[in-house]
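Labels run A, B and C following the written order; every chain starts at residue 1.
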């Protein structure tokens, strides 16, 4: 497959474009995914006000028109619920919920409806929908626009949750999510949107539930996800100088969880650190530590450890936010403390 | 071709009087339904074309949605300001388009704006405003029938219409505004929310009609002396402490004593000068002109108002002429 | 329709001018890269916030929106700690923890700007319920945008306020766009005040660029609420000069629309009319212009010179009152 350099947001855009070309039942809706709906000067090819608040859905309206790229009112409960209803009756909607923080206003539609329809109906329904949403700090966007709430959704049976870390993964995982017959929440770290990487031109899928070893090593396993994959890789590079080889496992999807890859790595390196940008309690980090403690206890030479944000909301001030988020230095120091 | 023009104002019936009196909010959904019934009636009596003013809600478009009518409906191509200028401009366009009758939806204010542009095209005015004297509370099905009969000249238009009176407001000798019912000088210094509701803030009233069965300023005069829509008179009232106080419905649900210093009847053509003072001049219930103490304001009563269809008279006439009855078996 | 005294006119002009000066300065600072995060500016909507808050005291409450700087200033929040908060400094109104979207000053009755669209409605019902339960005469004003009008929370809040007859005034600042999405598209009823019928409360639409129109409507609605006669809904039609947030290219605005808006600037119109009427003098206006310019410059200086917060000291404080 021919590849070229693409940004993380460009890769996501391309996955949607290719899937929408392939399958006419795929539609996209969300706040300002085109922008400027019904304004006379916003009609016609290439006319959109935004293409998503950070431009991720840019130009999709040009190709697919406003019947398949729908601007919504600021009514998250109704359009997320509509995505559930449409998915269970024959469409394959992609709903963009601008920030993960906004799930607060539509949570019922996600966890009581979308997640449970299939089970409650005795398997007689399926909900093939994707909710794309932004996560993460680093934008100085403060407490209501910076959270990393994927763990909450991982907790709920019936929902799949995916957190890509590279443009290549983002495209393949999103294509898989769109083709998947269950509700998938696709968490995009806003700081990664500008990141570039090699991405094949053609459509491809990366199966959900398969972790990726981003770096091999024998001394310690870092299990991580999203933006923290890059922090962890940077920390691993720094540690090479000390003769320490860290293995970095990128979870990619939290539910389903690739337990085998995690456990295999821990059994090989005998040490585990989970690096997670989210808050520490009841999180994917505690979950993976529990997994290792339960199923690789005999292999562990050090206590499984977590590097996370503190148990506090995300602060606004740059100095506070920088101190709040896990850093490369903290990861390096934590690795050193376990060897 | 028989053509009816429609000017429907989505903004009528939602001003501050919902807060200061007991007026109802007149919502757009209801207005669209009223128009639906009027359109069905126009179609039933064979009107061929409807032209309508564009508005921000799309009242007529929404009314047409789902109706299967024979008549053709077309929106006027005009710039929208979303204020009264639209109504005046639409009425002007109707004069150029051979419109036989105009149906208005709104209050006194809407009809005043229409009157500025409609020349002698007869108006069927359906009330959807607040303190309305000019438009009537009419079932729009009947109003639509009447408008259709007039537009198609199926009745004697002269016999079923009358010419309304009009008040002309001059500021420093220049015609600044017109009113169909009342001109009021109030102590308010600013147009603000436009409405008037506190009689203690009012100074002078000039009325084209003084009707005790109406609501608003006209009712204050109506308590003193009745001046009907076709009487060749008007009234001037100076408010304030005096020998008389009237109990008038100055707003919906707002029935309060109003002090009268003096009042007198005006004859057609008479011009009355208002007392010089910093004030605002309200026309048909809405503050419209901010006046400074050095300016001179006068009001002239004329019979140059718009031509108005008396819907009851029109339907009686139709009955008498038999235009709505036909022998069985010969309907077309 | 009580007469507005001179003191109130001076206050109103000062607050509107202070908001405009503050917001224009923030736009410049943001463009210079001095302000982290994102800011949503209130310029153009001054007559609404100031016209409504004219009738409130420090004891009354307001809930605000992501576009909250104007509400803060009208409610009397000091611009220096506000500016410091936008910089993320330790002296900020929220110690640098909140930022532009979360500025609050509970002592001034300002229950916070809000990052979640439509979140203020239910909160306003809460402070309304407090006043009703404790028998105080405090009123809460809930400011929300036309975009928020489509949020379930707002529908629920207005219904709740109505069944409990709460002393809450819902003020919809209809600036025409929910981010980029025009009101003509996102709102089926077109007149948000129409919905008052469904909530069984009075509703009215006024010109939100005319201070005096807003002032009159708010006076009546707030008075009703204070007397225990229940909630009302006022829709103020206006516009914003800046984009949804700074950095928004505003492609959804046409040049004609921008020109139309400039022609009905709420502050210019206020100034022209009070001068014409001789209610305020040119000297008084110039005095306020100079004063507000100075206040904003001092706020910038204060913010620039203020220290950064110390993470070790404050990162995990203020999460709970007590947490062993």
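Everything that follows uses one rule, which is that contacts are C-beta pairs under 8 Å (C-beta built on N, C-alpha and C of every residue); 3 or more make two chains touch, one makes a residue touch a chain.
None of these values were measured; they are calculated from a predicted model.
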Most distant chain from chain A by Cα centroid: B
A-C or B-C, whichever has more C-beta pairs in contact: A-C
Most centrally placed chain, judged by C-alpha centres: C
Separation of mean Cα positions, chain B and chain A [Å, integer]: 61
Whole-Å separation of chain centres (CA-atom averages), chain B against chain C: 37
Shared-contact residues (touching 2 or more other chains) in chain C: 184
Touching residues (chain side chain C, partner chain A) in the complex: 36-38, 85, 88-89, 92, 94, 96-102, 114-119, 147-148, 150-153, 178-182, 184-187, 248, 251-252, 254, 308-309, 311-312, 314-316, 319
Complex interface listing, chain B residues touching chain C: 10-11, 14-20, 24-25, 27-29, 56-57, 188-194, 197-198, 201, 278, 290, 292
Partner chain B, residues of chain C touching it in the complex: 1, 184, 189-191, 193-194, 196-197, 202-206, 210, 212-213, 215-217, 220-221, 224, 232, 234, 273, 276-277, 279
Interface residues, chain A side, partner chain C - complex: 31-32, 35-39, 41-42, 48-50, 53, 71-78, 101-102, 104-105, 139-145, 310-313, 315-320, 322-324
